[in-house]
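First chain written, first letter: the chains are A, B and C, and each begins at residue 1.
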Amino acid sequence: MKRFFTIFCLVVLFTFTIFAAPKKVAYVINGSLGDQSFYDSGYEGIKNLEKDYGVETKLMECNFDPSLYYPSLMTAARWADVVFVISYGFEEELKSIAEMFPNKIFVNIDTVVEDDKEIISNVDFIEEEGSFMAGVVAGIVTSMTELPGINPEKLIGAVGGDDDIVIRSFVYGYDQGAKYIDPEIQVKTIYVGTWDDPVKGKQAALQLYSQGVDVIFQIASLTGAGVIQAAQEVGKYAIGVDSNQNSLAPGHVITSMLKEVGKSIEFVFKQIIDGTYKPGTLYKLGLKEGAVGLAIDEYTYQILPNETVEKILGIQKDVIEGKITVKEYRE
Amino acid sequence: MKSLNKILTGIIGIIFSLLVGALLIKIQGNSPINAYKALYDYGLGSWFSITSTLNNSTPLILTGIAAAIAFSSNVNNLGQPGQLIIGALSAALLGYYLPFPGWFGIITILILSGIIGGLYASIAGILKKLYKMDEMLTTLMLNFIADYLTLYLATYPFLDKKSYVPATKMIKKEYFLPSFKYLNSSFFIAIFVVLISYFVVKYFKKGYEWRMMGHNPDFSRIGGCDNEQNLMWVMFYTGFLSGLAGALLILGGTQHRFIKGIGANYGWDGVMLSIVGANGILETSFFSLFFGFLKSGGVGMEFEASIPSEFIMVLQATIVLLVVSTRSVFSYYGDKIKAYSKTQKVVKAHE
Amino acid sequence: MSYIEMKNIYKVYPPDVIALEEVNFSLQKGEIHSLIGENGAGKSTLMKILYGLVHPSSGQVYINGNEVKINSPSDAINFGIGMVHQEFMLIPSFKVYENVILGMERTKKFGVINKEEAINELEELTKRYGFDLDLNAVTSDLSVAARQKVEILKLLYRKVDILIFDEPTAVLTPQETEQLFTEIKSMKEMGKTIIFISHKLDEVLEISDRITIMRSGRIVSSIENKNLTKSNLAKMMVGKEVILSVTKKPIEPGQIILKTENLTVDFKQSKHKFLQDINIYVRAGEIVGLAGIEGNGQLELVQTIIGESQSLNGKIYIDKNEITNSEIKERRFLISYIPSDRKKYGLALTATLTENLSMTHHLGNKLSSFKYFINWTKAKVLSNNLLNQYNIVARGINDMPKHLSGGNQQKVILAREFSLDAPFLLLDQPTRGLDVGSIEYVHNVILKMREKGKAILLISADLDELLSLSDRVYVIRNGKIVVELDPTVHSKEEVGEYMLGGKE
């Protein structure tokens, strides 16, 4: 009886804390800011929370140093009411720390961490849909031999950071998109093994271009900045990732596959404020929700004729309406 | 007395570095007082902070004394980073596949990982013996090989399919080293190894020969010590220490698996520490605690005062430079002043 | 008025080593002035001050009565003061004239060196001073004596008036020394002033007009070279009576300890001449000398015996054990070894005396209680005993050799090696660079070891020493043993002729 009462009290307390408006928000990332894509996009969302809700925010960068993961997350968890975390490489630590603070909100972004007590919520992007569109664009462009720098070979490329599940799902969707345009198109992929080394990214890109590839999809955070540089240098094409990177090398970045980390953070936080948030939710966000997609702007039109862009947008519409199904990697 | 001297000049150098650091923080527009308060709070301010300082210093102690023993034996082993991650990977794989129970398994993993790290270091020793290749270069190159080899193994053959980053599967729960009130028992293992190493270097005939080789290799050779063999032993022993550091990261840390980047900067920090500790085993261990403090305090500085964690690296490098220069400045000007006063005394005596 | 006057010079080397104390030194124009004293007496320091290499802690220098500040060697050259160092500062790949004019090149248009003018001027100089020197020879091909001449020529070309010679005869054979003295005398006739630093008393008495004697940082006396004897000078240098001659007890040699059979050594990487069919032996209780000009195979013989390098052919036996292919460690149980380069091979300068004295002793079980450990209590007892027994002046067993004088450093090595109790002693230049007092001590210790029945092979560049200590002498030239001589029969000059190859 006594035990039942304790549990009852805990549940009340638990519910109460959730509905109390959060004041302190922490953003813990495994990497570092300055990549002009993934992590920066999330930080933009965090800054918007400050503006829109007047909350106090703090940032912890781990710079890919595993020895910092635990203490950083611990420090953040002790202080914050809500922790947004990009937990590549410390999923287990996230679980154990979340269990220590069951009354705080943990939102894990981009990977799925399932804890038994359902404390952690996850934002999972359906990368396959976005990269499918990137594949469509690359497939179309590699067939347009009238564009400068495009050769008749049906080869496109991708440069990934690590060879991990998320990047493989990117490549998986990318391959589907390209094959949708022309089943003969081949995708060449290089996994560089680092997320913060543009020099290595550039080397990998130059290698792919020299093998006859004319469009490269970069999926490598800061390392990918080198891919875009390489495209500009040899007069070929690149597709950006996570944030809109079209302006980084005008005329060479056709489009960017957006992964709206910042918007998804704002989306989840709004639910917390509204009181509709439930711990342990899995938010699966794709093309339909606008969480992934293509950045089509004046830089795109600079490279591609209007009808081509319309064709791309048509395919995108078909995907959103379910006329085309994109297979997910972990199936 | 000599130890104390090294530690005192080290501390003076550290104080100067903290002042330089304060200036840098000020230039960036932050408050040095707040920053250093956060450094203290998160590094020493509470029991939790103290334990995280000690936990952070555990691998540093081992890589630090590995570098110190190597350098004081005139063996330029710069391969601590590689030996550490090779040891870490070995421990992760052993921890998953080994069928032994509990403590017996832990001891087996620690010793085997150390031996694997030691054998990896010995490659440089063999190359020196057979082909007269400079061990400084070979150990540096072996770091790259270790880096890519472990990354490959963790990305493909031993990948944990559920992981989002290149990582092996988690080791068995029974091999986790226990913590006592946040303080992981790997710290005690490191201290135990420090004492053993001190004993080995001081009281073993081999240890004496290593040290004499460090003072003057020609002297020890002519004196009847087998320098080639001693170089191999030093390589193996220091590689063992680094490999053990890697194994403790797996068994005692928070990850309990090999994960890309797990070696962090422990290897190079060890090299820096041996410089700060003037290649003394006890001195280096002492300053390892301080670097551990910086590491845990750095988290606080970032969180409380928004000072990026890279600042700690700048501070560490400054410490190395200033400690070394403090030592030479002290002895140079100290001697000059002594000489001047002696001259005055002698001249006066004659007048 | 004196030409050069150094007044109340003090020099304290950091932190607290007094090198010079209230030194007053004066030099007359046109004289040959010798500066003698034991090692560490301060003669080199005093001259380095005059040459601008070292700055005095206190005191003044006057030239012709005017006070001057000499801050660097180039200042000194401008004042007409030059120095010939013990180590030559020449570029081996340069031709002789190029080395001489280096830094003083006179150029024609567009910076082209005026080679003809330089060579003409140098030829004129060599003629005037009677130097026998090929100006177009490559420096590395020259003998030591010839290189010394290049150094002197460098100074004459720079028109110095005072030449300081820092122990110039240490590297020369007796014949070359004679040649140098002739040149020095002709320079004096041309009006140059010479300062001659040495501790070889015969030479000093032969050449000087005036002799200044220094002892522990002070000038003891400065006197005309009239009616002086070696023992007068030695007494002033050391401060007490010195026995310059060696008295040996007659000992009947025992069985053969060291024996080499057709020892042949071929150094692929070395320019040195290799050894050919060396057959020598050393018996218990005798001292065997090895005479020869440096670079004729002595180094190779020593290295092969101690095990630093391997022989091509032949065998080495010590005490009936063949050691031809043994490791150094095994040989060290049979050989006590005094290396010629004591700082390189004999000591760890930055380790403690205990650690230095324990080397090689630690190989056996003398210093351990358990096989793989060192018992430092035992090591300290040993070190304390040796320190007392050999009168090593140090601040204790924790002092470091780098703080000791050369003589005391050598005593540390002697103490360690002679207490090993090996049957064979290999002594390579045991007194090189030591002062008179220390030399006497080393000689006595060596003789004591002879009396104890040790077999001793002695290598020394000092022929007087070699002949007075040895019972038999081998002469080595071009890697071959030329002759075996009896020092009681053959004179120093005869040995010298065998060394140079004048006699076969």
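Please note the rule applied: contacts are C-beta pairs under 8 Å (C-beta built on N, C-alpha and C of every residue); 3 or more make two chains touch, one makes a residue touch a chain.
Just so it is clear, the structure is predicted and the values come from calculations on it, not from any experiment.
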| item | value |
| --- | --- |
| Chains touching both chain B and chain C | none |
| Chain closest to the assembly centre - both centres taken as Cα means | B |
| Rounded Å distance, chain B centre to chain C centre (Cα mean) | 45 |
| Approximate Å spacing (C-alpha centroids) for the pair chain A, chain C | 77 |
| Chain A-chain B separation of Cα centroids, rounded to whole Å | 37 |
| For chain A, residues that touch 2 or more chains besides their own | none |
| Chain B residues counted as touching two or more neighbouring chains | none |
| Chain C - residues contacting chain B, complex | 8, 10, 12-16, 18, 21-22, 57-58, 306, 308, 327-329, 331-332, 337, 339, 344-351, 355, 358-360, 362-363, 368, 372-374, 376 |
| Residue ranges of chain B touching chain C (in the complex, touch as defined) | 203-206, 208-209, 211-212, 215-216, 218-226, 332, 334-336, 338-340, 342-343, 346-347, 350 |
| Touching residues on chain A, where the partner in the complex is chain B | 58-72, 75-76, 79, 88-93, 111, 162-166, 191, 193 |
| Touching residues (chain side chain B, partner chain A) in the complex | 42, 52, 56, 148, 151, 155-156, 161, 163-167, 170, 249, 253-257, 259-262, 264-266, 295-296, 299-300, 302-303, 306, 308-310 |
